[in-house]
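In order of appearance the chains are A, B and C, and numbering begins at 1 in each one.
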Amino acid sequence: MNTKIIRVGFLAVALALSLFAQTARAETPFIIVASTSSTQNSGLFDFLLPKFQRQSGIDVRVLAVGTGQAVRLARNGDADILFVHHKPSEEKFVADGFGVARFDVMYNEFVIVGPARDPAAIAGTVSAAAALNLIAGAEAPFVSRGDDSGTHKREISLWQQAGIDIAGLTSNWYRETGSGMGATLNIAAAMEAYTLADSGTWLNFHNRQGLKILLRGDPLLFNQYGVILVNKATHPHVKSILGQRFVDWLLSPAGQDAINSFAIGGERAFTANAPADIVLPSKEQSE
Amino acid sequence: MIQADAPTILPLELKDVSLQAGQHRLIKDVSCTLDAKDVTIIIGPNGAGKSLLLRLCHGLLTPSAGAIHWHGANGRDPSLYQAMVFQRPVMLRRSVRANIDFALSLRKVPRRLRHNLIEEALHRAGLNRFAKTPARVLSFGEQQRLALARSWALRPQILFLDEPTASIDPAATHVIEEVIMAMRKEGTKIVMCTHDLGQARRLADEVIFLHRGRILEKSGAAEFFAGPKNDLAQAFLRGELLWWHRRELTPP
Amino acid sequence: MTDFGAAISTAFALVAHLDRDLSEVVLLSLKVSISAVLIASVIGLPIGAALALFRFPGRTIFIVVLNAFMGLPPVVIGLIVYLLLSRAGPFGVFGLLFTPTAMIIAQVLLITPLIAALARQVMETLWLEYEEQLRSLGTTPLRALGALLWDGRFSLMTAVLAGFGRAIAEVGAVMIVGGNIDHVTRVMTTSIALEVSKGNLALALGLGIILVVLSVLVNGMVYFLRGNQRQGGTL
């Protein structure tokens, strides 16, 4: 009967391997982009990547995580491109030798959303800091990402601008979800709480219930996205030629136009702002 | 594969064999010799250690003290020439045929020889028509017959049986006793324990009376049933409940 | 809740359309989890049987650890596999991170302890019944192991199915090591997580319904095969 057992075991392994083989079939060239959930959730990548794919033949595999995690992934060499929205982290990434160079790609904005009945009465306020002060003063529920993402980092700096010490706060109106933007918005909707959201995710978010934008337009809410090619000198396996082509395309008129033409519900979601006079470092070497 | 005409591993000699479990000595200084022929029946009240003694002989248990010796083995592995039928038949979750086949394959019987051995064993036990039936849907009595058939197929020189008919009705018991006697006729040494005195009378050539881990009497069947020398054995034959008199009736 | 009604109709609509994206995701889910279950069974079942059969120093500790590992959070497994497969980790050179292979590895680690621990319990009961008889027949340990696995095969299916259930329903590990990359490593559970984060609750629930139905189908199929076999006389 042992022969039977061995036969069954052998069959199982063979079956597993054949499934394996199918999943690991010969692939078109690809790069891995570590990015944020905001770009993914907004639907931007679904719109952009097919255009790039058609033009270049390169598949782009997107990891949509928080900015903090995206930076860590890229630091470990697990991505070829870093495409996030927290300039200080990005510049540090390059300065530490993990990235080749950082380029502005596009921007949108952060918005403060909250329940339509607006218990802290922040609607009409111009300054984000003032609005946060009103929320704190009213002890109206506020949910924070609390996940070291770009949005979370921005929120923390806004509280600092408002002069409120969030770290030392022991109160039950301020809650950290420790989750992505979408999950946090779901919680905010259920709790009738305020939260800081990026406009891309917000525009494409379908479970708003009573939530609406209550404040936007403060210059402090400007949300800049940057792209960085991971440094081949630090991580030799990085697909720098393929990656550079993606960076080049994003910054090129074709890529920038594509970004500008992406709209959600008739509203432009991102505004391209790559430097017009950019000298692309790879133009000569990669082609 | 064991040759049918291989020289016998018997006689079996037990020398001062004891079995201890924790504080309790369950088998106490047993010495005896079992010869190649005939049916030896071990009788005695519950808890006398009959099953343990069988397991010690068969090698399923290792004695705490003393020695077990197969005088005819001459360097061969004695376990290859033995088989055992338990009180509760243990059947693999396979067909009747496959159960016997499995036992034969463990004894390294070549595949081409197995078929005939299986057929014959099934025939002897009257189980031919069940060959393809899952063994575990057979009745208890049929399963016990299958256990016997499985042992038969192995052609053991010695067969141990641990109260094989303890929970079986008289008709089924009769069939099983017939199979046992047929095996004896073919030359297999039978060692069986029972507390069914009628069965002992029907089958025994030799009787061992075991009480509280000791052999109190070992004699020919006719002699034993005519009148045992040991007073406890006499009491047992009369049907007295020995375990009621532990203190008063100490063995000589 | 109107969401439930919407979810059910969404689920029907999804199945009715069966667009390529959905079938891709469903197929990948099945491929990854079935591969993981097959591999984990080949590893876990003999381990379980061996634990039932053999006494060796450290066996009790091994069993305790194994039982504890049954409840290991998938995220922890995901993290461990991520650290191992990361370019900065010991197996980084293979470039397996963010591929279905990485997901299979994570799921194998996740469910092997479960399958082994459940198999041990089944095998121990069986061995209790078989031990004397098999020893009397003169079995070798390896043959005993084989007999236990073969005779326990129907009970062992339960262990294997439990493993499959845990694998196909798990999101934490595959999210970390797979990355939920569209068309590459996106499976049912990560799709559901993604749709939840987009606030598409009805769509997420619809996908959830399909996942449940799928799980029921697989279980039902195994149960059916098992029933047929039993009647076939190999009980």
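As a working rule, a contact is a pair of C-beta atoms (placed from the backbone, for glycine too) under 8 Å apart; a residue touches a chain by one contact, two chains touch by 3 or more.
Everything numeric here is computed off the predicted structure, so don't read it as measured data.
K.L.:
What pair of chains is linked by the largest number of C-beta pairs in contact?
P.N.:
Ranked by C-beta contact count, first place goes to A-C.
K.L.:
Which chain is most central here if centres come from C-alpha coordinates alone?
P.N.:
Central by C-alpha mean position: chain C.
K.L.:
What chain lies farthest away from subunit B once each centre is taken as the mean of the Cα atoms?
P.N.:
Ranked by distance of C-alpha centres from subunit B, the top chain is A.
K.L.:
Centroid from C-alpha atoms only, then distance subunit A to subunit C, rounded to Å. What do you get?
P.N.:
A distance of 32 Å separates the two centres.
K.L.:
Would you kindly tell me how far, in whole Å, the mean C-alpha position of subunit C lies from that of subunit B?
P.N.:
47
K.L.:
Between subunit A and subunit B, what's the gap in Å when you average each chain's C-alpha atoms?
P.N.:
78
K.L.:
Please output the residue numbers of subunit A that touch at least 2 other chains, ranges allowed.
P.N.:
Residues 1 of subunit A touch two or more partner chains.
K.L.:
Among the residues of subunit B, which are close enough to touch at least two other chains?
P.N.:
94, 102, in rising order.
K.L.:
Would you pick out the residues of subunit C that each touch at least 2 other chains?
P.N.:
Within subunit C, residues 143, 147, 150 contact more than one other chain.
K.L.:
Using the touch rule from the top, collect the residues of subunit A that touch subunit C in their complex.
P.N.:
1-2, 4-6, 9, 12-13, 15-16, 19-20, 22-24, 32, 37, 40-41, 45-46, 61-64, 75-78, 180-183, 185-186, 189, 201, 204-208, 235, 237
K.L.:
State the interface residues of subunit B toward subunit C in the complex, per the touch definition above.
P.N.:
Within the complex, subunit B contacts subunit C at residues 55, 58, 60, 79-80, 82-84, 86, 90, 92-95, 102-103, 106-107, 132-134, 136-137, 154.
K.L.:
Looking at the complex, which residues from subunit C come into contact with subunit A?
P.N.:
The contact residues of subunit C facing subunit A are 28, 31-32, 34-35, 38-39, 41-42, 86-89, 92-93, 95, 97-101, 104, 142-143, 145-147, 149-150, 179-182, 184, 194, 196-201.
K.L.:
Write out the stretch or stretches of subunit C touching subunit B in their complex.
P.N.:
Residues in contact with subunit B: 129-130, 132-140, 143, 147, 150-152, 154, 233-235.
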